[in-house]
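Input: structures, listed below.
Okay, so chain A shows up in both of these, paired with chain B first and chain C after.
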Partner chain A sequence: MHEQALLQIADDELVLGWRDSEWTGIAPVLEEDVAFSSIAQNEIGHARAIYSLLSEDPDALALDRRPEEYRSSALVEMRFVPDWAHTIARRWLYEQADAIRIARLAASDDAAVAGLAAKIQREEAYHLMHADMWAERLRDEPRFRAAVDDLLPLVLGLLEPGDRPALLAATGLGEVTAIERGPHDESWPQLWEEMTMVRRSEPAGVAW
Partner chain B sequence: MVTTEQVWAALDEIEDPEIPVISLVDLGVIRDVDVEGPRVRVEFTPTFMGCPALEVMRDRMAERIAELGGEAQIDVILDDSWSTDRITPAGREKLREAGFAPPAPRQVGGPQLVQLQSGGFRCPYCGSTDTRLENIFGPTPCRSLRYCNGCSQPYEHFKTI
Partner chain C sequence: MGDTAPESGARSAARAGGGAGLRPAGAGGGQGMPVWEVFRQERKGQPFQHAGSVVAPEQEFARAYAHEQYGRRGESTALWVVPRGSILEVEDFVDELGRNYHRVDGYSLKEKLKEARARAGTAPDR
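Presenting the complex of A and B:
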């Protein structure tokens, strides 16, 4: 497995974990405060595990890079609070795409990658259920439909071109031109500042 | 000299930091213990990857092994060898006594929403199977929230993974 592909997934999971955790305490219903907090915690846990495969020092890999060195997609960087329709559209589409790329990793020849991917799949099953429940509930809601159309090109860009038809099949959505991963979202520098603030405030190796 | 049995017994005294009714051995997170002279190698297969209790578990294992006079080496195994099916029968009973419905056995294809939304998952307080899913997620990533219509009591259910 190419390190670059693993790094992309880890960066996506870390950044989406940050963005989803922004709903803690302010979600529209209490259940979703709880759900988003748990999901965010899981995503950051997955990022940590993948960084651990790539480096002896996962914290350094996660937090000591310059903003331009991150490989995260603009999709996960966007700040949606207080837009619940976009938040749910992203959760739903992201989980569908993530299931496809994690299944690829689970079939990898590299035993460490395949084993970790299978472990991640066990937890992601619950994220998919949660996202599917919401997508079902909001299926006919115009704001949700518009958000899905808005985000689909970026979501397709999470996947290798050969895997994109599987996403369209899983979601029942029509084909659109993908926006490839690369340019960061305009909100990324500010999120990076926030994400790495504590780490930068103390020299590496300080014990908490 | 430390023996393998002593190490297992010591690890069985360490509680899960978040669900202190169950030991690390009952939780099934110890995959193997290997003693060679003073060196004690433990294969630790974590539960949920974002679980903040994992670091605490690792540190407590190292402390206990040091108390036995061993040199601990805790290897964290990041594959899918942990599943809720590894929780021992004794562990499941302890969970139930503490008010947590234990996880259902994992089925081929993994957990399904329709299964969670069905009744069942017997209430740990009154034993009724007239229960419903309140939230897939709960106070920690490993738990769901359910409600028992039998005794009008919310309770936590250890997720199957």
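Presenting the complex of A and C:
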């Protein structure tokens, strides 16, 4: 399997898990707080599993790279608190795109990759259910619709060009020009700073 | 019903919701949202037991929230998620005359047997 593709997915999952966990304790209703936090934690778990496929030392891969070495999309890096419309629009669009790329991994010739993808798929099914129920509920809410339009180009950029029509079909959204993965969000340096702060506070090789 | 009998979970949950009894779905939840009672089956074949409740605007949200709160650690094999208003509570069990002999635990056979054995002189050594 292509390591770069796996690293992109792992970085997306780690950073989105981080961003979504910013809602812990402050989501609009408590039930949603629990569910949303749990999903955010799952995403970090998926990142960990993929990093472990790629490296003997997943922590180093996750937290010891320079900011410019991360392959995460600007989509997952953006800080949306306290904008719930954008947060839930990202969650929904991301899950739709993720389902498509994880299905690709599940069909991989590499048994380890395919096996892990199948495990992730079982958990993502609930993420998708959660995201779909929100999208259904907010379908006619102007702030949600505006957020979806706002984010769609970046979401398309998560996928290989050949997989993009599948995303449009799954979401019922009209075609727009994709924004390719590459340039980080302006908030990325600060996010990286915080994300790796504890790790960098100790010399490499320290035992936690 | 004895004083120490455990209160049914659904009822205590209903009380926690702010009322003296069960309230219809649509009442008692935060922000006017319905309360859903969640019953949990730990292992296949075991009875479902009341686990708690979730507040959710509609069935799909109730399903997702129950799944996250009562299933994400693998502690359940199945859940029943029921709108609180759909639960019929029956709690009037009058026993003015103390007719405890109607109950399985109301008549201690063990004691009577012991007395009878003592009278007959056939009590076991201990």
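Throughout what follows, the second predicted complex is superposed on the first by the 205 of 208 C-alpha atoms of A that agree within 3 Å, B and C clash if a C-alpha of one lies under 4 Å from a C-alpha of the other, contacts with A are read in each partner's own complex, and residues count from 1 in each chain.
Keep this in mind: a residue touches a chain if its C-beta (ideal position, glycine included) is under 8 Å from a C-beta of that chain, and two chains touch if they have at least 3 such contacts.
No experiment lies behind these values; they were computed from the predicted model shown.
Taken together in the superposed arrangement on chain A, chain B and chain C clash.
Of the two partner chains placed by the overlay, only chain B lies in contact with A:48; chain C stays clear of it. In the superposition on chain A, A:34 contacts both chain B and chain C. With both structures placed on the common chain, the touch criterion links A:2 to neither chain B nor chain C. Contact with chain B, but none with chain C, is seen for A:116 once the two complexes are overlaid on the shared chain. Of the two partners chain B and chain C, it is B that touches the larger number of chain A residues.
Once chain A of one complex is fitted onto chain A of the other, the partner contacts of A:137 are limited to chain C, with no touch recorded for chain B. Look at A:129: by the touch rule set out above, it reaches both chain B and chain C. Superposing on chain A, the segment of chain B with clashing C-alpha atoms against chain C, chosen from 57-65, 75-83 or 93-101, turns out to be 93-101. Across the two superposed structures, the residue set of chain A contacted by chain B and also by chain C is 31, 34-35, 38-39, 126, 129-130, 133.
The residues of chain B lying in touch with chain A in their complex are 48-52, 78-83, 110-113, 116, 134-141, 145, 159, 161. Only residues 31, 34-35, 37-39, 41-46, 48-49, 52-53, 111-112, 115-116, 118-123, 125-126, 129-130, 132-133 of chain A touch chain B when the two sit together in their complex. Across the interface of their complex, chain C is touched by residues 29-32, 34-35, 38-39, 126, 129-130, 133, 136-137 of chain A. Note for the complex: chain C touches chain A at residues 30-31, 33, 54-58, 60-61, 63-65, 67-69, 72.
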